[in-house]
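Letters A, B, C and D mark the chains in the order given here, with residues in each chain numbered from 1 onward.
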């Protein structure tokens, strides 16, 4: 069965969400992944938004976390203060998986969604953290979405917006951050993971038709590829639900 | 026209409330004073409760600040966090007049509503601060209700629950407290005020039929009586509204 | 917190699972309103001991737990039920006779302590209490605190403003977070997944629920799974934070439940009389708590009074109730 | 804040009184939802200058104010409108071309900063941002801060936990309070005294309103003085904190207003095209803002599109809208 890389990215992330987890959604593909997880693998997962919607039913796909569609059928709709408290509070926060994207990432999963170049006079300015820094600071584990490009997988992010494993090893703990940290990076070429000791990124799986060499060619830094395998392609059932239930208008799938 | 001391106390406090003020109410006679003020002198005053009710209409008199009657016709009903924030916030807080009572008071208007005797093994235990310490800490000015007894007007309160002028002069500012501080003490014998310099209590007015000597005989500490006058008795209109509108069941008036 | 579509269970099971001896417990409601009384009576019936209570202005619930000997320690701002008992009577006796350990805070301090727990931060700042004995006098000594990992090392801490004179503030009081083992709430409506809709004032129920490891909700009405999802902005508590949902009509009685029933002034006045005397108090506990198989039986025993306290649909309380 | 039974006025008067040049301004809403757009356009029409903006995730409102040259400085967490503009285009240009001063925070930090202002405390603590450049990099230098009493002396402060390891926390980030001169909100319903009822998510509107010295509320519906008092627990903003109530149907257009109308994808896509090019941008401002006598005229000019974005009573948005 034919599929796009965007479809596989969505499913690769969705497969990592466990039943009974609370899924924090940002805008765009992370929303798709959360919806796909709930419809395919994790029916008891609870989707939350930083805007304050908890356990949204998402009958239509929202185009922003402030979209009125995030309110539909929710268990409660309060506001930002409450949503972030739920994630910072360890009782609930340690059941949250956050799905984030960014413009740059380094080998420890630190993210830049603020600026390329000098902070005060940047070459390219992005939207800024939004809730990304908060989620990356608080929640138990995060799954990151990236386009696999050399200029995006960099030795050093121009601005560290959202904390990954910081400088590796127990860097998060030393900085005073709770939570486990980044678990995976889902790109248009591969799934990357982080070594449980060094917290350095390594290649977990490349996409069917690709290769570890292709992945490495699209990064500024090298990663261990010795543990890598080829990713299972999407099943017919996965694709069917993704296309017919999650994003029938292909608003995000494109 | 005949009247009880409790009626005069209520009116003496109510006369001090200005139109357009936000009136913080505790339980009992302070509730009566706020309602009397709104119905007689200050129609645009806004009655608030620490439980979160703002601009209550109070069709019936509540017997506690948690009484469902405080919710009637309010502008909003949230909770404690919001109500105290409104008082601590200087923008709104400096328009709040708080009405408080206590078991003991000293010459600087410091209040005890916690315990008589040793704190950890008291002779008499009271309810504790509730919101009194908070209100006395934050709001612009407070009006205090006391029974005028020697054991209640003491040189030193056994436990300082709610800050008055602390040790006098600029004691509040030195402690880091905002707000102006206690303005008056309304008792069953007199109205006491505080000197604008020393912040010591003095006699502002004694009740019709009483005398400064009678007032002094009911206090452990002496106060200046040179500025005192006899208080105006209640008018027929004041009494009519108090009896017919504010507390027709005499739930608090007795 | 628990994620499951159906958390409905009986009160016996909920108390047995979530309120063991020695539990650190927070009670929702305020003075004579929406106290989780059915849960309180179940705790007393099960003769729980050594509870550690966190309360802002809890009246009836705290007094009965203290009076029944379930409580070892209490952190509290106010123990009273308004005119019915300006100071809770069994609470007062327990302190005057040295039978419980206690520590005093203000209502806002306790609210902020629950909020800090809910926010997952160790403390929150306030100006409340500067210059007072609430700051100066501790109920639990430094030694007791050092020995008990469930108590913060300090009662309160004064902190100079690290932003200079920002917000015209020289210093603030930092209040430490509370993380109860379990919070008990009584609400008007709940869905099987724990979604709660509170009518009228929420007091500090939202903060108390979010601060706790577990939340037991009793409700007047158990509604269908979708019934509260049409207007989610009216639900103060999302299902995820709740562990158990227990339908208990009149679950707040003898305290009030806005839009359902008022407090019962007859019962509360009788209670005051009973609480004042040791023999009568023992009789009260025996007759009204231990001898009752459950809350329904207790309510059946006062059923002739219930018509007087029915809430008027216009006001939400029993308009004109003889108090 | 203002205490008065009737605060209803026109938008011209409200902006003229409460939004002078140089005002410190906070905007309610979030990305493409419930932005106070009518007020934003009135500010642009009046060619206000040197505004200091406080924003969490404000999209459309911030971008148009920045694009029209009204803004000198901005403290912000996120400038985007979701898929329509992942980064706000005029905002991006203004920063890349050095035309505005700016400082970055996270959404929670900005929310807590508004909450601190609302609570009247100088700061609030969070764990958000430890180890990041949000902590390390300041947009306003120490010198600029020292010279301006409206700026806190420090951007953020890291503080060791004074309660030891309470709440398993070693250290926290303290974020300084914000006290805007004025907050602009658009709500579904308001009463003449300022009481507001927001349907759906409130975002940080509650905190932004309470933090400000003045609050200007535009509303879809002006209701009678008693209309919102039957269920006061549904009103997020009490009348006392509000200064001006301005009825403006479609006051959030082209952003969404839950239960009234959806965002207008046609307009937002056209806006993106306009914002990308200097000439088209000048034309946009001329045609859609300066040339419009008021918001009603602007709405009249798009009236053929309004039927497509009407909210479905079941979902609160325009179900099936072509986006």
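Going forward, contacts are C-beta pairs under 8 Å (C-beta built on N, C-alpha and C of every residue); 3 or more make two chains touch, one makes a residue touch a chain.
Values in this document were obtained by computation on a predicted structure and should not be read as measured data.
K.L.:
Using the contact definition given at the top, which chains are in touch with both chain B and chain D?
P.N.:
Touching chain B and chain D alike, sorted by label: C.
K.L.:
On the document's contact criterion, could you list the chains that touch chain A and likewise touch chain C?
P.N.:
Chains touching both chain A and chain C: D.
K.L.:
So, what's the distance in Å between the C-alpha centres of chain D and chain C?
P.N.:
37
K.L.:
I'd like to verify one number: the distance from the centre of chain B to the centre of chain C, where each centre is the average of its C-alpha atoms, in whole angstrom.
P.N.:
27
K.L.:
On a C-alpha centroid basis, what's the spacing between chain A and chain B, in Å?
P.N.:
For chain A versus chain B, the centre distance works out to 56 Å.
K.L.:
Indicate the residues of chain D shared as contacts by at least two other chains.
P.N.:
117, 119-121, 126-127, 169, 172, 179, 200-202, 232-233
K.L.:
Would you give the residues of chain A that are in contact with at least 2 other chains, written as numbers and ranges?
P.N.:
Each of 53, 71, 77-78, 88, 90, 138, 178 in chain A touches at least two other chains.
K.L.:
Pick one for the touching-chains graph, please: line, ring, star, complete, other.
P.N.:
other
K.L.:
Please list each pair of chains that are touching.
P.N.:
Inter-chain contacts occur between A-C, A-D, B-C, B-D, C-D.
K.L.:
Quick one: in the complex, what on chain C touches chain A?
P.N.:
1, 3-5, 117-121, 179, 191, 193-195, 210-213, 226, 228-229, 232-233, 235-241
K.L.:
Which chain C residues qualify as touching chain D in the complex?
P.N.:
Per the touch definition, chain C meets chain D at residues 116-117, 119-127, 152-154, 157, 159, 161-164, 166-167, 169, 172, 174, 176-177, 179, 198-202, 231-234.
K.L.:
Using the touch rule from the top, collect the residues of chain B that touch chain C in their complex.
P.N.:
By the definition above, chain B touches chain C via 27-28, 50-53, 59-60, 62-72, 77-81, 84, 88, 90, 114-115, 119-134, 137-138, 159-163, 166, 171-172, 175-178, 249, 251-252.
K.L.:
Spell out the part of chain B that touches chain D in their complex, as residue ranges.
P.N.:
It comes out as residues 20-22, 44-46, 53-55, 57, 71, 73-78, 82, 85-86, 88-93, 95, 138, 178.
K.L.:
Hey, which residues of chain D end up touching chain A in the complex?
P.N.:
29-33, 56-57, 59, 76-84, 86-88, 91-92, 95-96, 98, 104-109, 111-112, 115, 126-134, 136-137, 139, 168-172, 200-207, 256, 258, 262-263, 311, 315-317, 319-320, 323
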